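Chain nomenclature is as follows: A, B and C, assigned in order of appearance, with residue numbering initiated at 1 for each chain independently.
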Amino acid sequence: MLKCSYDALNGIFAKIAENAKLYLPADKDGKTDYTKWAEGVEWSNALNTARSPKDFFFPQVEDLMKFKVEGKSIAIDDIREESEDFVVFGVRACDVRSFDILDRVFLIEPYDSYYASRREHGVIISCACTRPTETCFCKTFGIDCTNPGGDITVWRCEDALYWQANTEKGEKLLGTLGLESADESAVNAQKEQTARIMEKLPLAKLTTEGFGGGKTMELFNKPEWKSLSEACLGCGTCTFVCPTCQCYDVKDFNTGNEIIRYRCWDSCMYSDFTKMAHGNNRLSQVERFRQRFMHKLVYYPENNEGIFGCVGCGRCLAKCPISMNIVKVMKTIGGSAE
Amino acid sequence: MQKITRDILVEKAVSLLENGTVCCVLGWKKGEFDYDVTPALFESKEEIEKDFVYDDFCGANFSKYLVKKTIKAEGKILVFLKPCDTYSFNQLLTEHRFDREKVYAIGIPCEGMADINKIRAIAGDGISEIKCGEKIVVDTIYGDKHEIDAKDVLLERCINCKSKKHVNYDELLGDEGEVIESNRFDEVARLEAMTPDERFAFWQNELSRCIRCNACRDVCPACTCEKCVFDNPKSGVENKAPANEFEEKMFHIIRAFHVAGRCTDCGECSRVCPQHIPLHLLNRKFIKDIDSFYGEYQAGAEVGSRAPLVNYTTNDLEPSEVFEGRGE
Amino acid sequence: MQVKEYKPLIVAFCCNWCSYAGADLAGNNRLNYPADVKIIRVPCSCRVNPMFVLRAFQRGADGVILCGCHPGDCHYTSGNYYTRRRMALLFSMLDYLCIERERTRVEWVSAAEGAKFAATMNDFAEKVAALGENKRLEDLRCKK
């Protein structure tokens, strides 16, 4: 384990930024979001960012190609640019897990080269949590917020910032930073303290009991879906703030002289989600609402060795306009204990 | 703190449900925490007694739900309306969006609703309990206790509340309020007074945060089109993401324009925006302009009034005269 | 002589009954107005949805002008009265978002006012040219 003092941090950021673009959570106008580091940008104390870091690998809008039609011929232009190296600093445990969840979708055959290239060029430096909030429930999904993973992990202890590499990529980067070695006692003390706080969280006892692969038939026709979705506005807030939602739509934009084919995030809450030639297969908001939660809690684990498609970051709890969310669904449908 | 208590509303709802006046109740349902209240349709006495709440976090405006719920309901729906909600209610009636006969509306007084984001900014992480009394008392899992004056954490729309008067109801609980003087156009005026470059930078910064979740549109009681132009692939402007700066601007200009003259300034758009974009400043700009160009008009103040954009006089202001007398 | 390199692209929505005929008359009378004014004929000026104006800017217009019958002379009795209100509000909103106010205009041109049509277009094109390219409401994807 290595450490650095907080005074030296700016210099370390500068060093990282020499070879790669560095992004870290920073406060602006009372909100926190990932911001490109430059001299003067300060690392935020906030628990987490408003937008999840999934944008780094799976941006909301991404141009795939351009084509031009001239007479009977079509010229296709691959507009992909080679990704540049980048480092995302200060990612929380829940969001780190979200990358695994995205990987299982984008990095299986047919594998998504756009996503893969970004994954290859990105280094994730995670940060252990010390002050979880009431909307946190990462523990429900077996995530240890004191040991967040990623390529490198940092612990924000009182005396210093502690660093540890978890992967080869991480080791390579950490090796260039010239940090002093340290013992683990401060980190261990912090881990214990955070674990005690985790026990006290209001959602600490939420379990995934009743959910998982193979539960489709049991849960699909539950009458509770109707009352749960009753007030749903059908907006895309939950989807777009979610670090694990990975559905997208591919669209063409006619610029007047060529066509740009791009993809953008889609939301299963939208009326034209997965609309096909025969029409739409989910006609009511109940069905659309159910799809979102069944996907995260049943379909995804069914196809991915029991790993759930939610990481408990709590963004949807904080952002939903009508305060309906996955926790309420889990408690109502799964009958999870209080 | 709200002057009217939950118990009075529960008693009222239960009695109307039991004597058959209404078949269901549109009300606020207790959430996981003390602040995440959800709109819900209650169908039984037990549900109401268990989960109905009314406190400082009941901001949701139920008017729009009536459009869909009245179609399905077999009898009357009981709805509780705060003063600002009654304006949206009237506006929807003006546009014939639901059947008034199928609604039993109870006007309830409102002392302004609290903004959880403002409370969080004061109390910090880990809110474990919020009590709405004389003061809002917030406890956190970290052992902090904050006593907050409700006035300091009001929603933006409540700070600039335009009316405590109920403009439509079958029954009123509490006292009849008055239309009040508000400073709701001050912020618009402040923006207007900026230099163009400052103002451009302001909007560029605000609108660039848009994630196009459509929450502002979907919650808006004036947005009740069966199919929105932005969802219709044949319109040529349909999109699910703000692909660039132009689309961000276009979406928000058109959203605000489409409700111009019909927007009652209920403030739901800004309340629900997950990115905290001050969308009400677009809507209020239209209201302010309408007031100054065509005379004061409050959408929803009365049923059946003709909105300014579907009306005219032969000596209206010319578009070229809009900027006359406005320097720069 | 000074050579102007930049020529603004102007979209003019002209009502079928007055202004389009006015443009015709301007042509018949050999009156000059910039060739970069692209006329789109609409049945009535009130056919112009605010979205049309925005889309014109998106597709590369530097200025958008609406021409209709004089108030009181609308072929459909009242269409241009609605246009007047709509565009007053829209232009004020565009100005609020800092799209230069000189880029938008409404002008009433009757079928007999060929000279006014040409003069209006010349004046408008000149004002827009002075502003330069539309940068504040452009869609970069549509730029060549």
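The definition used in the following text is that a contact is a pair of C-beta atoms (placed from the backbone, for glycine too) under 8 Å apart; a residue touches a chain by one contact, two chains touch by 3 or more.
Because the structure is predicted, anything quoted here is derived from the model rather than measured.
Student: For which chain is the distance between its Cα centroid and the global protein Cα centroid smallest?
Tutor: Answer for the innermost chain: B.
Student: Looking at A-B and A-C, which one has the bigger number of contacting C-beta pairs?
Tutor: Between A-B and A-C, the larger count of C-beta pairs in contact belongs to A-B.
Student: Roughly how far is subunit B from subunit C, centre to centre by C-alpha average, rounded to an integer in Å?
Tutor: 37
Student: Please report how many Å separate the Cα centroid of subunit A from that of subunit B, as a whole number.
Tutor: 31
Student: Quick one: report the Å distance separating subunit A from subunit C, using the average Cα coordinate of each chain.
Tutor: The computed centroid separation for subunit A versus subunit C comes out at 47 Å.
Student: For subunit B, jot down the residues that touch at least 2 other chains.
Tutor: 243-244
Student: Which residue numbers or ranges of subunit C touch two or more of the other chains?
Tutor: Residues 141 of subunit C touch two or more partner chains.
Student: Mind pulling the residue numbers of subunit A that touch at least two other chains?
Tutor: Where subunit A meets two or more other chains at a single residue, that happens at 253.
Student: Which bits of subunit B are touching subunit C when the two form their complex?
Tutor: Per the stated touch rule, the residues are 191-192, 196-197, 199-200, 203, 229, 236-237, 243-247, 249-250, 253-254, 256-257, 260, 282, 285-286, 289-290, 293-294, 308-314, 316-320, 322-323.
Student: Could you please specify the touching residues of subunit A with respect to subunit B in the complex?
Tutor: 29-31, 47, 50-51, 60-61, 131-135, 197, 200-203, 227, 230-231, 233-237, 239-241, 249, 251, 253, 262, 264-267, 270-272, 317, 319, 321-325, 327-328, 331
Student: Please output the residues of subunit C touching subunit A within their complex, sorted ascending.
Tutor: Touch list, subunit C to subunit A: 59-60, 141-142, 144.
Student: Considering the complex alone, what residue numbers of subunit B touch subunit A?
Tutor: By the definition above, subunit B touches subunit A via 31-33, 36-41, 60, 65, 121, 125-128, 141-142, 205, 211-215, 217-219, 231, 233, 239-244, 271-272, 274-276.
Student: What residues on subunit A touch subunit C, complex-wise?
Tutor: That would be residues 253, 255-257, 260 of subunit A.
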